[in-house]
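Dropping the structures in below, format is structure tokens.
One chain, chain A, links the two complexes that follow: it is found with chain B in the first and with chain C in the second.
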Partner chain A sequence: MYNPTVARLTYRALLGRRRALILFALPALLIAISLAVRLLTGVDDKVAAELLGGFALATMVPLIGVIAGTGAIGPEIDDGSIVYLLAKPVKRPTIIMTKLIVAIAITMAFSAIPTLVAGFILNGNGQSIAIAYMIAALVASVAYSALFLLLGTVSRHAVVFGLVYALIWESLFGSLVDGAKTLSVQQWSLTLAEKVAGEGYVDSAVGMPTAVVLLALVTVGATAYAGQRLRRLTLAGEE
Partner chain B sequence: MAPETSTQIHNIGYRSYEGARLGRAYARKSLYSQSLRGAYGLGRSAKSKVLPMILFAVMCVPALIIVAVAIAVPGSTELPIKYTTYALTTQVIIGLYLASQAPQTVSRDLRFKTVPLYFSRPIERVDYVVAKYAAMASALFVLTATPLLIMYIGSLLAKFDFGDQTKGFGQGIVSVLLLSLLFAGLGLVMAALTPRRGFGVAAVIAMLLIPYGAVSTVQAVAYGTGKAGAIEWLGLFSPITLIDGVQTAFLGATTAFPGGEGVSAGVGVVYLLVVLALIAGSYAALMARYRKAGL
Partner chain C sequence: MTVIDIDHTSRWFGNVVAVNDVTMRIGPGVTGLLGPNGAGKSTLINMMGGFLAPSTGTVTLDGAPIWRNESVYRHIGVVPEREAMYDFLTGREFVVANAELHGLDDAAAQRALATVEMEYAQDRKIATYSKGMRQRVKMASALVHDPSVLLLDEPFNGMDPRQRMQLMDLLRRMGADGRTVLFSSHILEEVEQLASHIEVIVAGRHAASGDFRKIRRLMTDRPHRYLVRSSDDRALAAALIADPSTAGIEVDLKEGALRIQAVDFGRFTQLLPVVAQANGIRLLTVSPSDESLESVFSYLVTA
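Right, the complex of A and B next:
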């Protein structure tokens, strides 16, 4: 279920040349803000939790997930070069699995590590807040990558729809309608963070069993369906 | 040797073009109008109309609801929100529209290498850049000004004070005009950097939303820790807070900054200068970008 050549191609497509700049910009910004906040306010657990929850987990992780998840397959489908890959004797589900693994690895590297570093800068991992949010970022990376990789195989506007989900559904509806929180990757990953962090610093709207079941379901389901989509992919011409 | 009569050149009637040559201005105008239509999917496939039209509808529906509420509630004398607040509240939709259409406007020409074909016509680099920039700014202006127009017409139908409403509407229009120019410039610069549409979309949205997220987070922290003086300077670092600052200082808007203090007229001048510098800067960056695009 893993093909090193496909992995290398995907990795190069994601981190080649200027594309890596977008991926580097976000973590750099998070760390810069953490430094600024630390200098401005000193150590404050509440502020650290707010910043990591509001900026790192709510904005940075989904954006990196969108870029890595859709970027792993979208551009290849878009310019038609995917046919050269599909023509090789490699199983389609294997291609998806490999691309998923690369996307997850990149999302984790660019979201979880900076979150941990930012947490240490903000309050030196007081109340285990840094570790808690890092775990949330790791879990969210898996689900986001699977979800957005599927979007990449389904639609030409994968990036836009991914952003609509991440920004409008999770942020806007999530804050207005309580029910929407049950269907939000961000909330599922927060349940794990809730267990790790000190009392009252992280809270999630979803129970632990629900979160774990839904996370597993979304990840596996999205990957399996993406594999199916790739088996009968039709290449559309330019609109 | 064949007899001389066996070869003959036939005159089959080639003629040179004698009609009017429409020239550079016409080509520029066509490029502008086609790009503007393309930004809403007009003249393109049904699939590419879906997204811009949905975003346009999503932009207008809240304005209709606001007008309906204002008319239905007895005794109301003005609209529940200001004209200048509307674009700030709907900034995510504006951002998504720009992110989906800016790459559509410029990336495809780069990817399919049609830029040299444009320049084989009687247009110069400046015409291409001006036409594309104007088209994107007009598309954004249509998107942001239509809801204001709906609110204005609605408020006149509800017989609210004509002078007040016209003044507010005028201020709103100036503000969205500035916003359209600023956003279009920044969006096109980001989109023109990559021939890949997907990365262009991500780059544009990242450029709009990440600075905003960062700025508003740091502003909230500064407000919470009693360093309110820093708030108005922090707003200089993201596109939408720049617009917020300018319209609070000069256009009688209510700010969305924490604390509700907003930007004073003195700092507002700095905001306005930064906005104008960014607009000029994106134009210059686009000009520089296309200096070699044809080669």
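Right, the complex of A and C next:
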């Protein structure tokens, strides 16, 4: 279910395109803010949890997920270069699985590691906040990658839909409407962070069993459906 | 022997019928798929390449369905019309990746690059290639696994005459080797130079099939329409209608011209100036009114 050549092409496409700059810019911004906060306010566990929860997990992780997830396949479908993968004796679900693994790896690398580093800068991992948010970022990376990879196979406007989900649904509705929190990757991943961090520093609106089941359902369901979409993908040509 | 069979195949997109009940068989040798732009050539090639499901009918390679059958790609090489092709890679990296996807090594990629004479630029980024160079690297990627079937969609588009000749030589060699080579084109002369067997597609329908010379003759012998203006239209009309090369003449008062339908192209073109001179009539305008490729093809549909 993994093809190293497809992985190499995907990884180079993701890191070679201009929008990959955002992949580097967002973590750099997080680290810069963390340094500034640490210098201005000193060690403060509450501030550390708020910055990692409010910026790293709520904004940076989904944005990087959108770029890596949709970028792993969307541009190839849009410009038709996917034909070079489809015209090979490689199973289409293998193409999807490989692209998912690359998207997850890139999302994790560009979100979970900077989150950990930022946590250590902010309070030296006091109350295990850095580790907790890193785990949340790792878990969220898997679900976001699967979700946005699927979006990349079904829509030409995957980035727009991805941003709407990440910024409007999760950030806006997720903070205002209780029901929306149940259907939020961010909240599911926070459930795991809640178990790791010290009491009162991480809050999740979803219980552990619900979070685990929904995370698994979304990841497996989105990947399976993306594989089916690619099997049904047709190229209409220039006419 | 490798044969693609298209059997009573149609393909529509919403309300638009792109391919309409086409049946044809593509065997070894070079076959030209000829038709005007928008006739359904790319749709047919996409179905033969397994990128598009037929709405009705079947498309098979030696009896095996092509749609949703990844294993047939071991035998098919496709050169798509689209330009996009991983521009961030070098030509060599691109062809090596294509070889790997077929489970082959670098040596296969190197052979394919040598076949299309692209070794000299193989370490340059594809983004820096000219259209002709891109076309050749696309060819190399399609040849890397030594396929028995090669499908090319408008392969000569944007190529300069030298590159065109090189590619034609290459395709001729492949056809002579016993491979099944099918290329599409909307340019008659291209097909004439390369393929002895042609399939003509017009408005999604299979208009003609067979030896190029026969079809060419059919195209030349069709009734030709001319718009003629002269110093005395009625006298010219009277003189021309007496000859069997002319089937009908209309005096178009609004245009101030004659609309002539000639059934014997060669004889009529010789007759017109002779008749005009003999009757002391000056010819002011002689223009063919249906020389567009579309009208030639349309004639074939009804012929």
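Definition applied: the second predicted complex is superposed on the first by the 230 of 239 C-alpha atoms of A that agree within 3 Å, B and C clash if a C-alpha of one lies under 4 Å from a C-alpha of the other, contacts with A are read in each partner's own complex, and residues count from 1 in each chain.
Just so we're on the same page, contacts are C-beta pairs under 8 Å (C-beta built on N, C-alpha and C of every residue); 3 or more make two chains touch, one makes a residue touch a chain.
The model shown is predicted, which means the values in this text are computed figures rather than measured ones.
Applying the stated clash criterion after superposition on chain A shows that chain B and chain C can sit side by side. Looking at the superposed arrangement, the partner reaching more residues of chain A, out of chain B and chain C, is B.
In the overlay built on the shared chain, the residue A:Phe55 is in contact with chain B alone; chain C does not reach it. Of the two partner chains, chain B is the only one that A:Leu163 touches; chain C does not reach it.
Looking at the shared chain after the overlay, A:Asp79 reaches both chain B and chain C. Contacts of A:Gly71 after superposition: chain B is touched, whereas chain C is not reached. Of the two partner chains placed by superposition, only chain B is touched by A:Ile22; chain C is not.
Contacts of A:Leu39 after superposition: neither chain B nor chain C is touched.
With both structures placed on the common chain, the touch criterion links A:Leu172 to chain B but leaves chain C unconnected. Note on the composite model: angle chain B-chain A-chain C, taken at the C-alpha centres, equals 70°, rounded to the nearest 10. Of the two partner chains, chain C is the only one that A:Thr234 touches; chain B does not reach it.
In the composite built from the two structures, the nearest CA pair linking chain B and chain C is 5 Å apart. Residues 79, 238-239 of chain A lie in contact with chain B in one complex and with chain C in the other.
Those residues of chain C that touch chain A in the complex are listed here as 13, 18, 37-43, 45-46, 49-53, 68, 70-71, 73-74, 76, 78, 80-82, 84-86, 88-89, 97-98, 100-103, 141, 153.
Residues 3-6, 8-9, 12-13, 16-17, 79-81, 83-92, 231, 234-239 of chain A are the ones that touch chain C when the two sit in their complex.
Against chain A, the residues of chain B that register as touching in their complex are 44-45, 47-48, 51, 92, 96, 99-100, 108, 111-112, 193-194, 196-199, 201-203, 205-206, 209-210, 213-214, 217-218, 220-222, 224-225, 227, 230. Of all residues in chain A, those touching chain B in their complex are 18-19, 22, 25-26, 29, 33, 36-37, 40-41, 47, 50-51, 54-55, 59, 63, 66-67, 70-71, 74-75, 78-79, 156-160, 163-164, 167-168, 172, 238-239.
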